[in-house]
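Look for subunit A in each of the two complexes below; its partner is subunit B in the first and subunit C in the second.
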Partner chain A sequence: MKELLSIENLYVNFRTLWGLVKVLNGVNLKIYEGEVFGLVGETGCGKSVTAMSILRLLPSNAEISGKIIFKGKDLLKKSEEEMRKIRGKEISIIFQDPMTSLNPLFKIKEQMIDIITTHNKIDTEEAYKKAKELLREVGLPDVDRILNSYPHELSGGMRQRVMIAMALSSNPSLLIADEPTTALDVTIQKQILDLILNLKEELGFSVLLITHDLGVVAESCDRVGVMYAGNIVEIADTEELFENPLHPYTQGLLSVIPDPRYKKHLKPLRGQVPSLISPPRGCRFNPRCEFVRDSCKLKKPALVEYKESHFVACHLYGGNPDD
Partner chain B sequence: MIKVEHLKKYFPITKGFIRKKTLYLKAVDDVSFIINDGETFALVGESGSGKSTTGRTILRLYEPTDGKVFFNDIEITALSEEELKKIKPKMQMIYQDPYSSLNPRMTVFDIIAEPLKEYNYKNIEDRVLELLESVGLSEEHASKYPDELSGGQCQRVAIARALALEPEFLVLDEPTSALDVSVQAQVLNLLEKIQKEKKLTYLFISHDLGLVRYLSNRVGVMYLGKIVELGTIEQVFDNPLHPYTRMLLQSIPVPDPKQKSKRRRIVIKGEIPSPLNPPAGCPFHTRCPYAQEICKRKEPLLIEVKEGHLVRCHFAGEI
Partner chain C sequence: MRKKEFIKILFRNKLSVVGLMIILILLFIAIFAPLLAPYPEQAKGEPNLKERLQPPSSKHFFGTDHLGRDILSRVIYGSRTSLLIGFSVVLLAILIGLPLGLIAGYYGGKIDLIIMRITDIFLAFPPLLLALLIATTLGRGLINAILALSISWWPWYTRLVRGMAISIKERPYVEAAKGMGISEWKIIFRHVLPNSISPLIIQATMDIGSAILEAAALSFLGLGVQPPTPDWGLMVSEGKEYFLNYPWYPVFPGLAIFITVMAFNLLGDALREIMDPRLRRKFL
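And then the complex of A and B:
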């Protein structure tokens, strides 16, 4: 497998009136060509900030350090001009709410033609043809009517399909999908996930799928990274992660999701996600961990390869205490 | 305890300016069910299916267009405002978003004390502390404002407020969908605990089939304002008879990666039609893989297929 993206020791802080919010605390992950990598975690764990860092779309009060290597080049060293050529062309993103990512004042055709002509040297007429083709590819019926519609005239599922069509218009190598189905009903969620996976197989791009739903992960990802309070605590193949979760937080997450197939006993994690202005010292999960030891309160555990391609950041598994 | 008979709630929608035309959005269209003492009855469906409107109409937060609701043999739908006020303490509601259902300018103490004052309770202070404890909060939370609390803590305050007047029946309208999974489990376990302790009856409204399976005894599946299938959790989840119930169950992601390739083969068809202009005949025929001619013309009735298992489909038991 060839490496497409590698994030190394990514730190992001936000300067705010209330102090420095330490949002990402040394994130490390790799995404390979043609795979679906899931990033899962609860609200505020830094999943979306990780995505926005890749695209360099963080607000101006952000301090960022580390490396984001995409196709061998560090994105954090690129100029704004160079980044603009990467965004939407090599790396595309779709968001949770397609209503807020489409401009309500313009027809779909205007927005699509705009995107297509920005990244390809073709005229409006050809771009219109390409837009039609793209909409057919994402499974929309009656494409002429849709191209002449405003976003509010379409359903949530159709809007997300339009977003996917726009994101794929320039054949990106990486599609970032940030909670792409959270605003949708379950039947539509399945349609959209299946669509992304089918297109991925056909076109061969990689997907960074950000979600809070472990069901969605099980359904669509090849590998998963679990995030907690700005750290990646575990990375493994999806099947391996569900079968042998190593980190106490991953184990906790898996024991709190209800299963529609049978009534299962839910064993809630105690406490809540910490404040990122004054996060706990050492391992950020230590106040909620049932296996907490003294070393957990002093040193941050490093992400180590405990088993083949199964990484975990926890002192229970070594965690390289001298790092 | 609760009996709902042919409940209807239509919202008028006026269109046009010169030639005014009034359309009716049939949010709840002829819904009937009973909820037994001490059980949890769930209403499940996608957005716009009418499940929340049903919950609110039962509590008369909306006036029903037609139909009757009984609470312990009292016809709620026939009560005057004054009589309704007397019975309201027995029936309470918990909403989805705890931040918007709590007044941001009131302290936790005042929020929980408000219904107690309204109904002239004595020893309010002791009662508030007792309620806080019963939902897993403590005295130190009493002086805080909602924005100083986390989402899970706010939902606990909302539960304490709903319990203040010693209700017998609670409507839980997506009580955990604004919460993260680790906190969601805490709130679910709390709801289960107080149900046992106080012998409460729940109407649980949710779009999440996993939660429904976890919390409920019986379930009604709604589609476009109608109940299409109703039965015990085991009947509906393990032996779904309506094609829509099957579609829903096939759509929810299963937290088991081994099922992945098998589940990829399942194809889900279509989207929910507009409730302003529902299809003729069976409302589900536009998405149904088994639809026949009759489904486009004639609306099926809700019929009992097995004891306590009702289905609204022309081909119930055959497909």
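And then the complex of A and C:
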């Protein structure tokens, strides 16, 4: 498999009135061509910040360092103008809330034509044809009517399909889906996920799927990265991760999925997510970890390949060479 | 919101219909003033000393002034001056204030800081005082009154648009547009501007009334429109000396100012209710 995107030692801090918020603490991950990579973690762990870093759309108070290699080139070294040509054309994104992701004042066709003509040198008429084609591809009926509608005239599922059509309008190699189904009801969730997976098979792009829903991960991802407080703590193939979680945090996450077959109490993780202004020294998970050792409080564990293609960042598994 | 719905709601509110009607009638009067005024040449200033300070009669509905000119004709012609001032002051102020507000709000940072401190300087003066100061510096006259008022007016629009731009630029559809590589220029003009404009329209509508009022105040103080131009503020100013014995002289132009300002306020209020979905519900 060919590597498409590689994030190396990505640090992101936000300067705020309350101090420096250390959001990403050395993120490392790779996405290969044609795969669906899931990024899971709870709210505020840095999933979306990772996504926005890839597109370089962080707010102006962000400090960013590390490398984001996309097709062999470091995105962090590109000029703003070069980045603008990559956004939407090479890397596209769809967001959580389709209800507010479209400008309420313009018809769907105007917004789609805008995006199509930004990345392709074609006239409005051809762009309109292309928009129709795209909407059919994402499984919408009666495309002429939809193109002539305003966003508020469409349902949430329809709008998310429109967003997907817009995101795929220039055949990107990477689609970032930032919680694409969180705001939709369950049946529509399934439809939208299936749609993304089918289009992926057909068009051959890779997907970075950001979610906090382990069910979504199990159903759709080839590989998964688990994030905790700005670190990737574990990366593995989906099946391997669910059967053989190594990191205590991953184990904790999986143990709180309710199983309707057994009436048993869930075992929640103790403690709370740390403040990212003054995160714990060493492993950021150490205050909540059952297996905490002295070294956990001193040194940040590195992400190492414990088994074949199963990476984990934990001192229990030799997170440091000199451990 | 579609046009039909807009019109439906507008007509649901009776006061807004009243405001709109008055404004339309005013526009009609202003446009057809030469045909409507019984004594057009007197309206333009020609004295008629034989009929000085006549009370209202069938010949002069609103009476005559100290130079014997027909007050009705002068009030009719005065609508031209007032509407011209009202619209051009607001338009000029928007022309200066809107782009500055958009830039300040969208880009933020240092440029925002600089623009906002400049508006603070302007807003630190009482508005009429600043307009007086500028009018005194520029000299008397219609054009200078318009300039003076718009120069003291634009910072309000800058602040208003800036606030809207700040909130709109964080909306998901702006993020989504950025994520899809839409150019900054297009984001500002297709996404931020159209979505920030409705409070500006409301404010501007009400401000037309206030601008007319302030222009009248400038004229009253002798710094605005100069005689013999027919102007309501000027007529009130000239008429004030005759108020006790010949009350019709200042009262009719004063009433014209009052009705006009009220009409623009009513319409502005109605627009606000239409454009704010939370207030709209009570009409639907």
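Heads up, the rule we're going with is that the second predicted complex is superposed on the first by the 313 of 323 C-alpha atoms of A that agree within 3 Å, B and C clash if a C-alpha of one lies under 4 Å from a C-alpha of the other, contacts with A are read in each partner's own complex, and residues count from 1 in each chain.
One rule holds in what follows: a contact is a pair of C-beta atoms (placed from the backbone, for glycine too) under 8 Å apart; a residue touches a chain by one contact, two chains touch by 3 or more.
Computed from a prediction, not measured in an experiment: that's the story for all the values here.
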{"item": "First (subunit B), second (subunit C), both or neither touched by A:Arg281", "value": "neither"}
{"item": "Partner chain(s) touched by A:His212 [first = subunit B, second = subunit C, both, neither]", "value": "first"}
{"item": "Which superposed partner A:Leu57 touches (first subunit B, second subunit C, both, neither)", "value": "second"}
{"item": "Touched partner set for A:Arg136, first subunit B, second subunit C, both or neither", "value": "neither"}
{"item": "Subunit B versus subunit C as contact partner of A:Glu239, first or second or both or neither", "value": "first"}
{"item": "First (subunit B), second (subunit C), both or neither touched by A:Lys77", "value": "neither"}
{"item": "Partner chain(s) touched by A:Val273 [first = subunit B, second = subunit C, both, neither]", "value": "first"}
{"item": "First (subunit B), second (subunit C), both or neither touched by A:Arg145", "value": "neither"}
{"item": "Touching partner for A:Asp194 - first (subunit B), second (subunit C), both, neither", "value": "first"}
{"item": "Common interface positions of subunit A, toward subunit B and toward subunit C", "value": "none"}
{"item": "Subunit C-facing residues of subunit A, complex", "value": "55, 57, 60, 84-89, 92-97, 100-106, 114-115, 118-119, 163, 166-167"}
{"item": "Touching residues (chain side subunit B, partner subunit A) in the complex", "value": "46-47, 150, 152, 180-186, 188-189, 207-211, 213-214, 233, 237, 247-260, 263-264, 266-268, 271-272"}
{"item": "Residues on subunit C engaged by subunit A in the complex (per definition of touch)", "value": "108-109, 171-173, 175-183, 186, 190-191, 194-195"}
{"item": "Footprint of subunit B on subunit A - complex, ascending", "value": "42-43, 155, 157-158, 185-191, 193-194, 197, 212-220, 238-239, 242, 252-254, 256-264, 266-269, 272-273"}
